[in-house]
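The following pair of complexes shares a single chain, subunit A, combined with subunit B in the former and subunit C in the latter.
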Partner chain A sequence: MNNIELPSETQPDITSTDETSLLVVILDSNPGQKMLRDNPHILTHCVDSVIAFANSHLMQKAQNKLAIMACHSKTSQFIFPGPGRPLDVRQIDGQYEAFTNVEKTTKQNLAKILSSETSSAITESLLAGAIAMALCYIARLNRIKPPGAKLNSRILVVTGSGCSASQYMNYMNVFFTAQKQNVVIDVCALDQHLSLLQQGCDITNGLYLKVPQLQGLLQYLLWVFLPEPPIREKLVLPPPVKVDYRAACFCHRELIDIGYVCSVCLSIFCKFSPICTTCHTVFKMPAPLAGKTKKKKKI
Partner chain B sequence: MADNGVGAQSQKSSLIKHTNLECKNLYDYLKSRPPSVLEKLYNHPTICLAVYRELPELARQYVIRILFVEQPVPQAVVASWGSQAFSKEHTHVSKVLTELSVWQEAGIPGGLLGWILSPTFKKNLKVALLGGGKAWSMSSALEVDSKARDVSFLDAYSQERWECVLHYMVGSQQQEGISADAVRILLHAGLMKRDEEDGSPVITRQGFQFLLLDRQAQVWHFILQYLDTVEERGLDLVECLTFLFQLSFSTLGKDYSTEGMSPGLLIFLQHLREFGLVYQRKRKAGRFYPTRLALNITTSNDKVPDIEEDAPKGYIVVETNYRVYAYTDSNLQVALVGLFTELMYRFPNLVVGVITRDSVRQALRGGITADQIIGFLKQHAHPRMLDLQAKQPLPPTVVDQIKLWELERNRLVYSEGVLYSQFLSQADFNVLKEYAKSIGCLIWDNNDRRTLVINKSSHDDVKKFWKRYSKGN
Partner chain C sequence: MGDEEDPKEYRWETGYEKTWEAIKEDDEGFLEASVADIVQRAKRKRHALKQGSQKLGMMRHLFILLDCSESMSSQDLKPTRLMCTLKLLEIFLDEFFDQNPISQLGVIIMHNKRAEKISDLAGNCRKHIKLINNLNRTSLVGEPSLQNGLEMALSSLKLLPSHASREILVIMGSLTTCDPGDILNTIDNMKIEGVRCSIIGLAAEVHVCRLLANQTNGVYNVILDDSHFKDLLLQHVDPPPAAKCLESSLIKMGFPHQINIEGSEEPLTMCMCHVDSVDDGSKLTTGGYYCPQCFSKYCELPVECRACGLTLVSAPHLARSYHHLFPAANYVEMTFSNQASICFACQKTFSEADKQVYQCPNCKKVFCLDCDIFIHDALHTCPGCATNLSTFQITHSN
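So, the complex of A and B:
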C-alpha cells in the first residue's frame, strides 16, 4: 500500500529491534548435581555469574524484563520476582538500584529454598517442569500486555545435572509448546553434555553450549547468551552441531536407535510387547504376520 | 584567449529552509560535547549506564564483551565478531563508540591496532552493574514517610504539571501556575516567541511540532533546552546531568532523600518540581518522589509501548472515511486534535472531527509535517485500533493521503548552482555542456541564450576543465 515515493530519511541502514525482551533464567540449584556434590562452593560462583548476567540483560534496554527460577528435585520456584511484596532496597554502593534489587531478592529466596531442602536422597532436577512453569509465566505476560506491545521471550536453562531420559515425554511436550509460542530455549550445560535439551534448542532455534571451563562462566554467558535472537544473526556465534535426535523408549526410558512403534498411538518401545502400555491396543504375536501388526521403524 | 567572457556567477537563490524542530537524542547531545566534558561525565556510573543504553544494539554487545578484558583487543578480532553480511553496521557502530569516546584506539605489541574501553567508562559501568564505589547522592536512608504517595497519585500530579506547560503554549484558558522561568525556557527553545505588538509570548512553528511529540520526547527536548541555560544560572552542568540520570534510574513510587545535595542541585530540584518531574510535598520536606516523566528520560527516540499495565492509554480512533473520534475531555487534547482536523461534534467525553485536505494543509502551513501528524495519531491510537490490525493501527488510505497532501506542497526542488553565461561561440558552449552532462552535474541549460547552470559542488571541476580546454585552443 505504501508505494508512494516519499522523501526518504537519510538514516543509515541500521536495523534495530527495540522491542521488549523477556528473559527467564532457570537455574538448576539441586544439591544432588554431581558437580555440586564434589564441590558445593561452585554454586556460589554460578549464582553470582547468573545474577551478573541477568543484570546485564536488564542493562541492555530500559524496558527489558527478567525472571529467575530455581529448579530443584521436588519443586521449581520463581526467585525473582519472588513471591510476596518486593523488597524495599536502598542503595548501598554505586550499583543501580534495580540491579541491587535483583541480586538481593535472588540470593534471599534461593537461600530460603536451599535451607528448606531436607532429604539427602539424590534425585534428578525437574527441568521439564521448570520450563513448563516458565512458559506459563510468559503466556501470562503475553496475555496481560497492552495491545500493540511486542514481547520477545526466551528461556535460558543453566544446569549441571546429567541428562536423563525419564522426563523424555515432558521435555518433548515443553519443547514443542515453546516452538509454537515462539519462545526460544537456550541451554548452558555446566557439567555434562545434555542431548535431550540440545534437541530442545534445535527445535526452538536456541543455542546450546557446554561450558568448557566453569571459571569463565560469566564470560560464556555474556558472549553467547546475552544477544537476543534478532541480533544473533548479526554476530558470529558457535555453529550448530549435529544434534542427537534419538528418542527414549516408553518402557525403560532409554535412548534407542531402532525400536518398535505402536501403530495406533505412536508410542515407542525398545522391546516388542503384545499390549501397548499407553493405549492398550492388543497386537498379534509377530511370528506369522511380521510386517502387518507391528512396524519396525528406524527413528 | 584570456578574457573569453565566461563569467561565473554564484546563483544566490534564497533557499527556502524550513526551520523544523530538531529533536536531539542523548547520542547527538553528547556527541556535541567536548571530550573533556565527556570524560568528566563518565566519572558517574549513572551516566555510563545511560550512555550504554543509548548505544546501538551491536555496540552494546561489543562493550559488554570487552568489559572484563584488561588489555586492548585487536581491531581485526572485534571485526570478526560480526557476520560478514552486516559489516556496514559494524563500521557504523565502531564510529559511534569512538565518537562518544567509549573506546579508544590503542597499539598492541606486534604493530596491530586495537580497541580498549575508556578506563573511566569501564570502571564506572562495572560499578553500576556489579556494585562497589560510592552510593548515588540521593539514596541516603530515610524514615518511612507517614504520608507516602502512591503511583497513581504521582501520575496524576505529573500529568497535571506538565499539561500546565502545554496549556500555556496553546494559550487555552487554564493559565495558572507557570513561572517566569518556564516561560523563559520556552522562549529560549524557540517554542514560543514574543509577539511583535504586545510582547506576550505566542506559539511558534516549532512549538506546534513540539506539541505533537510524545510525552517522553517533549520532556527530553524541554530538559535539553533547560540544560543549555543551566550554566548561565550558575549551576554545574555535570552535576545537573548526573542528578537527572540518577532520577531517570530511580524507582517509581519510592521516596528519595535530598540530604547532602548542594544548593545548586536544590534549585535544580525545584525547577524539576515545577515541571512535574519530581513531587515534593513541601520545599523543605527533605524527600521527593520521582514521577513517570523523569523515568527513563532518554528513551525518547523510539516509541516502545511499555508493557506496564498502568501506562496511559490511547484515545483516538481513525476510520477509513477520514473521521477521527477522540475519547477525551481534556481541552488540551482536543486542541491538539484540532490542529489538523475539522472538528464536527463535541460531547462530554468524545470529540468527532474529520481530516480534510484543507485542515491538513492548514496544519502543514503551520509547520507541522505529515510524519508528525501520523506519528501523533499512531501514538495515541485507541487500544481497539491496535487490536484490530496488529501491524497497522491506522487505515493505510488515510496515512497515504496525508502524505500525498504534504507532497502537493513540495513541487519545487531547490538545488544550489553556478550560472555560466556569455559564451563567445556555440562550440565553446557545447563543449562545456557535454562535459557537464558527462560528469552528471548539469542542472539546466539553454541553447539560444548560451547559458547553463551547474551544480555548485562540481564548479571547481568544470572551471579546471574550461581552463585546460581554453589553453588547448
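So, the complex of A and C:
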C-alpha cells in the first residue's frame, strides 16, 4: 500500500445536476504576517480578489455553495455566511443580490475581526486550526444534505504567512482527515513558499501555487483555482512539483535520509541517543552486530 | 484503554447492550434517530475510556486467526458468516494500515483441525485484501483448532525483535475447538511471549476464549449483529497499550525521496517490489524510491528493503500514527444552557434539540455532539485549541 498515493476514486460525473460544489476559502487576514506589516494596503487588494473569485464560483452553477473564513493567530472565523441572519441586501447597480451579499457580509465581518485585533506584534496565523474548522463545517453540510445528493468540497487557503513546524501535527491531522473525506485542499501562497501546505495539497490532490505577482492575484485565482478538481486534469495548469517528504530530525530539524525512530513515540532522530528527548524513554544500547543481523531479516 | 487490569473490562460492551433495551422502551416513532444517537453516544464513551500519554504498542505485528470451519457457513450473518466477515475484514485492513502504516499483519485460517498460513506478516494492504478476497472460495470444513492456529502465529511472532508489539485477533464462529494438546500450555506461552490475544466470537461466549483473552490482556467480545461486529472489529484499529515486556528501542529507518531530475530522461528500471510478481508482469518504471543504504528501488512506501533490511518510510507515514500518541483532549459533556449560540467548529446553531453540548477543557470552546465525535474519531485536533496561540501550545506539551 502507499499512503502518499491518493485513493483512485472514479471521477464524479460533473454534469450531474444533484451535485453541489462547496468552496471554503480561508483568507489569512492576520495583520501580523510579514506581507501586511510591510504594506497593509495589500489586504484590500487580496480581499477584493478573493470576493471576485468567490462570486465567480457562485456564478458557475446555481447550486454552488460558498463559505469564507478569516484566519488570525488568536481566532479563526467564518465571515461568510457569517454568524447571525443573512444581511438584507437590495439590488445595487443591477448587481445580482447574491454577489452583493457576499461582498457586504465578508467585508463587514472582516472589519469586525480586524478592529478587535489590538496588538501589532508578529504572530503566526494558525492555518491548520482554520482548516480543522472548515473540515467540521464540511462534515456538517455532508450530514444535512438530502439523501442521494453529492457534495464536492474543497478548501482554498490564501495566505502570505510562512509555515512553521510548530503546527506540524495539526497540519498532518487535517491533511489526512481531508484525504479521507475526499476534501481537496488548494493553496495559494502570496508571499513565502509553504512546504508543509504543499504536502497537504499533494496528499489531498489539490493544487499549490506560489503567486509570482501579487498584482495578478485574481487572474491566478481564476485560472488555477476556479476549475473544479475533476476538470483540472483536462486543462493546462502549472505542472505538479515533486514534493519532498523526507523526514526532518526532531533534534536539529534537518532533512535526513537515514534516521533513528523511537519505537514508543515515533520521534525521529539523526543520531543514536540513549534516551528519547520527546517521551524520555531509555533505550537499550544496540545489540552486537552478529545477533542483530539474524533478527533483522524478520522485522 | 482502561480495560487492561480493570475488572469491569466490558464496560463498553454492556453500555452498548443496554442501549438496545433503551430503544425498545423509547418506542415513540423516533427509532431511527435514537439508534444513531445511541451509537454516537457509545462512541463517545469509548473515547472517554482512552487515555492519552499511555505507552502504546506502536510497531504492531498482528496475526488475524480466521475460523474457516463448517460453522462459518451459517447464515445468521448475511449472506454467510464467512462472507460477512471477509467484507468487514476488508474494511478493517484498510483502516488498520491507514492508522498504523508502519505495522505488519498476517492471516492464518483454521479449518479441518489444521491451521494454514494465508499470508505472512507484511505491510502491504492491497496484497492482504486480495488474499482475503480469495478466501471466499475456501471450503468450510470440519472443526477449527484454536491451539494449532495460536501456535502457528506464535512461531512467527516469537522471532520478532523485542520492541515489536505482538498481537493475535481471533475471529471465531465455532463454539468448539479440536486441539492436539493442552491449550492451557499454549495460553501460558502466549503470556510469556507477551502476545496480546483478542477474540471476537460470532456465536456465543466460550470459556476458553474468555480465559485466553483474560490471561493475555486481550479483549473478548461476542457480536450481537453485523453492525456490532464491525464496531468490535474496528476497535482493533487503535494500537493497544504496550505489553509490560515490550522493550523500547531506537529503530534505524530510511527516508527515501523520489529522485527526479528535471528535464533529464530517466532510465527505465525495475523496482524490487515487482521483481518476482507474476500476475502484474514485471514493471519497468521511471522514478521511484531508492533505499538510501543500498539503492534498491521501490515503487511504493512503506516497505522493508529486500536487499538490506532497512525499513523505508516517509515522514507522513509516521505522522499518521502521532494522533494515537497525542490525542485531542476529551470534551466535557454539559447540559445546554446557552453557553454558546453556535457550535464553534461546524457553525450549527444550537436549538432545543441539543440537550447536551461539549466543551473543550483547554480552549473552553463549545461544540455539538456531531463535532465532538468527528473531532475525536477522525480529526484528532481540537479546532478551538488549534486556532488560538494561547491554547495551541498546551495541547502539544503533554
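Quick note on the criterion: the second predicted complex is superposed on the first by the 238 of 299 C-alpha atoms of A that agree within 3 Å, B and C clash if a C-alpha of one lies under 4 Å from a C-alpha of the other, contacts with A are read in each partner's own complex, and residues count from 1 in each chain.
Keep this in mind: a residue touches a chain if its C-beta (ideal position, glycine included) is under 8 Å from a C-beta of that chain, and two chains touch if they have at least 3 such contacts.
Bear in mind the structure is a predicted one, so any value in this text is a computation, not a measurement.
Asker: Looking at the overlay, what does A:256 touch: subunit B (first), subunit C (second), both, or neither?
Answerer: second
Asker: Go through the superposed model and pick first if A:140 touches only subunit B, second if only subunit C, both, or neither.
Answerer: A:140: touches subunit C, not subunit B.
Asker: A:128 in the overlay: touching subunit B, subunit C, both, or neither? Say first, second, both or neither.
Answerer: It touches subunit C, and subunit B stays clear.
Asker: Can A:231 be said to touch subunit B (first), subunit C (second), both, or neither?
Answerer: Once the two structures are laid over each other on A, A:231 reaches subunit B alone.
Asker: Name the chain, either subunit B or subunit C, that contacts more residues of subunit A.
Answerer: So, of the two partners, C touches more residues of subunit A.
Asker: Thinking of the overlay built on chain A, is A:192 touched by subunit B (first), by subunit C (second), by both, or by neither?
Answerer: Touch status of A:192: no partner.
Asker: A:182 contacts which: subunit B (first), subunit C (second), both, neither?
Answerer: Neither partner.
Asker: Considering only the touch criterion stated at the top, classify A:205 as touching first (subunit B), second (subunit C), both, or neither.
Answerer: It touches nothing on subunit B or subunit C.
Asker: Once the structures are superposed on A, label A:164 by its partner contacts, choosing first (subunit B), second (subunit C), both or neither.
Answerer: So A:164 meets neither subunit B nor subunit C here.
Asker: Enumerate the residues of subunit A that count as touching subunit B in its complex and touching subunit C in the other.
Answerer: Touching subunit B and subunit C on subunit A: residues 1-2, 4.
Asker: Going by the contact rule at the top, pick out the subunit B residues touching subunit A in the complex.
Answerer: Interface residues on the subunit B side: 45-46, 49, 52-53, 56-58, 60-61, 64-65, 68, 80-83, 85-86, 88-89, 92, 124, 127-136, 139, 141, 249-251, 254, 296, 299, 302, 304-307, 309, 311, 313, 381, 383-384, 386-387, 390, 393, 396-397, 399-400, 403-404, 407, 410.
Asker: Where on subunit A does subunit B make contact in their complex?
Answerer: 1-2, 4, 6-7, 12-20, 52, 55-56, 59-63, 65, 88, 90-100, 103, 141, 144-151, 218-219, 222-223, 226-227, 231, 233-236
Asker: Using the touch rule from the top, collect the residues of subunit A that touch subunit C in their complex.
Answerer: Touching subunit C from subunit A are residues 1-5, 71, 73-76, 78, 83, 123-124, 126, 128-130, 132-133, 135-137, 139-140, 143, 166-170, 172-177, 180-181, 199, 203, 242, 244-248, 256-266, 268-269, 272-273, 276, 281-284, 286, 293, 295-299.
Asker: In the complex formed with subunit A, which residues of subunit C make contact?
Answerer: Of all residues in subunit C, those touching subunit A are 55-56, 58-59, 97-98, 101-102, 123-126, 159-164, 242, 247-258, 260, 292-293, 300-302, 304, 309-311, 314-323, 325-326, 341-348, 370-371, 374-375, 378-383, 385-390, 392-393, 396.
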